[in-house]
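One structure is given below, encoded as structure tokens.
Order of writing sets the labels: A, B, C, D and E. Residues in every chain begin at 1.
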Amino acid sequence: MYAATALLLLLAMGMTLVRALRGPTVFDRILAVNMFGTSTVLMVSVVSFMHHVTDMTDIALIYALLSFTGTIAVLRFVEIDHERREMERAEQEREVLP
Amino acid sequence: MGVAIDIILLLFLLSIAFAACVTRNLFSAAMLFGIFSLISATLFVVLDAVDVAMTEAAVGTGVSTILILITLASTGYRVSPRPAGRQVLALAVSVVLGATMVYGTLDMPSLGSPDAPVHTHPIAQYYTEVSPVEMGIPNMVTPLLASYRGYDTLGETAVVFTAGIGVLALIGRRRRKDPLPIVEEFREGGANRHRVLRVISKQLIPPILLYACYVQAHGDFGPGGGFQAGVIFASGLMLFMLLFGVEHARRIIRPVVLEKLIALGLLIYGGVGLVNILQGGAFLDYRTLAHDPQHGLHYGILTIELGVGITVAAVITTIIYSFASHLRDHVMQRTLRLRQGADAAQTSPESGA
Amino acid sequence: MIAEHAIILVVVLPLLVAPLCVLLGRGTLAWGAATLAVWSSFGLALHLLGRVLEEGVLRYQLGGWAPPVGIEYRLDLAGALVMTIVTAIGAVVLPYSFASVRREIDEHRHAWFYACLLLCFAGLLGITVTGDAFNLFVSLEISSLATYVLVSIGRDRRALTAAFRYLLLGTVGATFYLIGVGFLYQMTGTLNMEDMARILTEARPDGLGPVHSTKTVRAALAFLTVGTFLKIALFPLHVWLPNVYAYAPSVVSAFLSATATKVAILVLLRVFYTVDGKATPFDALPIADTMVPLAIVGALVASFVAIYQRDVKRLLAYSSIAQVGYMAIGIGLATQAGLAASLLHMINHAIMKGTLFLAVGCIVYRVGQTRLEGLRGVGREMPLTSTALVLGGLSLIGVPLTAGFVSKWALLQAVLADSHWIVAALILLSSLLSILYVGQVIHVLLLRKRPPGAAPIQEAPLWMVLPTLVLAIGNLWFGIASDQAAEVSRQAAEFLIREVAP
Amino acid sequence: MSLLLDVLSWVLLLSGGLLSIVSAFGVLRLPELFQRMHSATILDTLGAGLVLSGLILQAGFTVISFKLFLVFLLLALTTTTAAHALAKSALADGIYPKGIDPEVVRAGLSEGLPGRQRIATDRARERVAPPASPQEDPPPQPSEEGGPPWA
Amino acid sequence: MEFLGYINYWVFIVLMMSGFYLFLSARNLVKKIIGLNLFQTSVFIYYISTGKLRDGSVPIQTEGIESYSNPLPHVLILTAIVVGVASTALGLSLILRIKDDYGSIEEDEIDAQDVLS
């Protein structure tokens, strides 16, 4: 029963992985990584029940926290990178003008 | 059944490693590395390494990937312009490396075989049978980490201390008399757009920090301990820094205090060892700490886990603050230059026209 | 009570004074704490050397746990020898560093500099003393990380790229060492070096012969040696060394050149003799006939390249690679005489290279750069520094009555005893080359006149010249009264070899 | 009684697994970023809810089931916020949902922001005039001209 | 099961090779660091697989379970992971400083500037 769920989750992770590898824009990749984190949380919980060692839910909790912090960090740095690209373009335009 | 999961996870790892080698986009390489360490953490769970899974996820996905992304954001490199050079030489050398390793695995005991020397050696029985009874700690990794091989962990805390001091020495901000003019509206503009994020994070950050203390103390019974707690504490502070700006975060926990905390953690750890010497035992022999050896062990392990937790939390927070403020100084200078440029442009047309 | 715990206090004292330096905050206080820690380590090291000479191997159980379960500190004569070299050089460099650091490193980084110097010092000592394979990896990482920070803390921009390349290659070397230990752990089940050596000679679980003849242990040996070659900077893997020694602050290059390679060679000896000793590694892997040619070619190429260097520190760095080649020849011979010669050469090379780099540091303190053109005639106005430099140079060449001659002579005897005529001839050839590049430096410094408009230069401050002169006289003392050092290194070699021969 | 619990948790677990397959399939096959995001959040809330409640039924009334409920609460809270942040960044980066009139998007963008942000939206507007090309190599999205049915 | 036991080792070795290849062939300094991290993480996976017992469970003492996997490799890897992160953090801060002083983080551009000076 657990094994079946684990396999289904693994299949889902596989498909998300394909999207992560193929994703054209950087946001597709961020989306895939975020979804990957969530499915890993579920995977770990199911595997811990499969091994009859139920102490692993702490790990699942940490995965959830970290995938959230990671996603927010990536988004902020993509934004900052975008803003700096804006400024570089503005700088080039200003040098061209005078 | 575990074998099928094992094989599929290994296939994932292989595909990511190849993709990382092929891709020329640095952002995607960084995120692939994030997924790689997340899957390897899941593989550790399947291979019964619970503490390592927690650390690998917290450190691999949480810290390394974020630092790589900050470096990319501040160096402004998205696609690495040149194709990888010297491919043939690199391939040849790594194939030779692989060949020696495969040659090495020919005589290895197969995975998990009970008659492998690793399991038949007397210390393996000692760690799994005698230590829980002797120490009274169910999680066998913590006594091994803190007491049997406690000196390794002291060395490791020293390594973390060196990394903290190194990053401070390299890109730490000089204690300026006049703090940088904080262009608030520039940062506010960016952060204000995420009002939803800031509200949610305000609810999330206190539980994260509380959870870090739980992980710190829970090291004896389940997966947890000094390192994981330190990293979770630092990721909580990082979340705050991300959403409320580095300047604000630096005012909450001043970098000077962090620097002292880095030193304090290592001193606590070493101090426990010196106290043991003064009490007449060997270095890091906690049995001398209290009348009953088992109590002494518990006190010793809890104290050094606390020392490790303080150092790791302070070091990772310092590293992330230094990286982020280095990035912010860069963006700041560019803004000031741009603003002066814009003012100059406004004045020169009138004078020019 | 101190004597009983001396073996652990040598390492832990500097390790714990480093965070103290950070807490103290100001550069001068940090320097004072650092000097006290290093000098007390030096005293403890001399005390330990004496005890090891009398009682043989000293042991210390960390955490009070018996060896295979816990970590054990095991100090034999070779370890005590290298420990004394490291602490002696540290004791000389620390007083020297007060003025030199003030000139070369920004003010707010002084406390961090001394913290990292102490950590590098403690890491190197940890390697010499440990009896546990994984603990050696941890100490190796402490000293390496501290070294990367020390190299890149100066103001020279090229030091950053040098430190980055050193970081990459150093981490690869450490990971190779980790793979080697992993293979050995899988075949023996333990991490204690002596326990490993014992199990390696026992029969395999499936009884096909001794454990050390398995393919895994051979691969482990290959990984350990390649990882250590990277750390020693033996010929093909020496790419990182010249820039690191050339662009690091002068205090750091003096300390590193005299100690880091010696400790890395000690790791090689641990791998060959302590861990794999009884398995007579020299026939398991073609080590002897790969190490000696590599070392000889390395010595020749490095000496040849050194002649064309325009920067004094890079020139000395290339000569370091050549000298490491001589030590590698001594070990590659796999005979007791060869091993004793390379241990003796460790002592003498530490003193030679220490003197030269400290003297160059004095010159940098006054002149500010190390390019040969800029140093024309500087020797005339800095008499004490130039005498130290000349003494060091002569010792590097191997002029009789200096330390260099003693160890080169011992090496030649060891090589001739094995009737390797070609190797002996090539050693003499590379000594001739060393005359060329040392002569070039002395010629520029002493015989050339100052450029017309150059400002007059006084002697470097007392606290910098005194340690340089102490080491220069050490050169002479070990050259003349060399029997004591030769005796200690012979005993150390004999102990390592006796461990192997049943 | 326990048989009923087992069957129920078995059903919950499998339905959660199937749901994650559906959501992953959606992420893989849907042509455009914002549609993929829509399908990604299925797994976060409902998929996780089903799987975790299946496990909670198995674990019964213990600390573990409380922790599992905590995991579900955290997941529900964080993944939705992350999806919100992702959408905002994508819009700020100039990627607009295909088939929806850019004017509507810009209105939405500028409504919630204080005046100070006019410049940011103006800049975004200029960029909308030329065909919005995201940062990387042009996206090989299938260019069915017809566009989604609701256009 | 015999054959499967060795599959894992060969997969780890392929991972190490790909990490090492990325490390050697990358021209960009950040990609070198990523390659180095991949190489180290796969070495850690190899270490943990040595400690796994076929039917052993997680090394946390619970009643009713006798055979546990060996906890020693777990402790070694806890140390090695933190050492890996420390060197990554130092490497990345060096890259930031190199970017400030040299203006680029491509290996050959930096070498070119070094050769001139």
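Criterion: contacts are C-beta pairs under 8 Å (C-beta built on N, C-alpha and C of every residue); 3 or more make two chains touch, one makes a residue touch a chain.
Here the structure is a predicted model, which means the values were calculated and not measured.
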Inset, instruction - Hop across touching chains from chain C and tell me the fewest hops that reach chain D. - result: 2
Inset, instruction - Could you tell me the least number of steps, going only between chains that touch, from chain A to chain E? - result: 1
Inset, instruction - Spell out the chains that contact chain D while also contacting chain E. - result: A, B
Legend entry - Chain pair, most C-beta pairs within the contact cut-off: B-E
Inset, instruction - Would you identify the chain whose Cα-based centre sits farthest away from the centre of chain B? - result: C
Inset, instruction - Could you tell me which chain lies farthest from chain A when each chain's centre is the average position of its Cα atoms? - result: C
Inset, instruction - With chain centres taken as the means of their Cα atoms, state the distance from chain B to chain C in Å. - result: 32
Inset, instruction - Using mean C-alpha positions as chain centres, tell me how far chain A is from chain D in Å, no decimals. - result: 12
Legend entry - Approximate Å spacing (C-alpha centroids) for the pair chain A, chain B: 18
Legend entry - Inter-chain centre distance, chain B versus chain D - centres from mean C-alpha coordinates, in Å: 28
Inset, instruction - For chain B, write out the residues touching at least two other chains, lowest number first. - result: 48, 50, 70, 72, 78, 101, 105, 108-109, 116, 118-119, 123-124, 127, 149, 152, 155-156, 159, 162-163, 166, 170, 197, 201, 204, 221-223
Inset, instruction - Would you mind listing the residues of chain E that make contact with two or more other chains? - result: 50, 57-58, 60, 62, 72-73, 76, 79, 83, 86-87, 90, 94-95, 97
Inset, instruction - Can you tell me which residues of chain D touch two or more of the remaining chains? - result: 78, 81, 85, 92, 135-136
Legend entry - Chains touching one another, given as label pairs in label order: A-B, A-D, A-E, B-C, B-D, B-E, C-E
Legend entry - In the complex, chain B residues that touch chain E: 3, 6-7, 10, 13-14, 17-18, 20-21, 26, 29-30, 33, 36-37, 40, 43-44, 47-52, 55-56, 59-60, 63-64, 67-68, 70-72, 74-75, 77, 80-87, 89-91, 93-95, 97-98, 101-102, 105, 108-114, 116, 118-119, 123-124, 127-128, 132, 138-141, 144-145, 149, 152-153, 155-156, 159-160, 162-163, 166-167, 170-171, 221-223, 227, 312, 319, 322-323, 326
Inset, instruction - Under the touch definition given earlier, write down the residues of chain C that touch chain E in their complex. - result: 134, 137-138, 141, 145, 148-149, 152, 157-158, 160-161, 163-164, 167-168, 171-172, 174-175, 178-179, 182, 185-186, 191
Inset, instruction - Would you tell me which residues of chain E are touching chain B in their complex? - result: 1-2, 4-11, 13-22, 24-28, 30-31, 33-35, 37-38, 41-42, 44-45, 48-54, 56-62, 67-79, 81-83, 85-90, 92-97, 99, 105-106, 108
Inset, instruction - Write out the stretch or stretches of chain A touching chain D in their complex. - result: 1-2, 4-5, 7-9, 11-16, 18-19, 24-28, 30-32, 34-35, 38-39, 41-42, 45-46, 49, 54, 57-58, 60-61, 64-65, 67-68, 71-72, 75, 78-79, 82, 85-86
Legend entry - chain E residues within the chain C interface of the complex: 23, 29, 32, 36, 39-40, 43, 46-47, 50, 72-73, 76, 79-80, 83, 86-87, 90-91, 94-95, 97-98, 101-102, 110, 114, 117
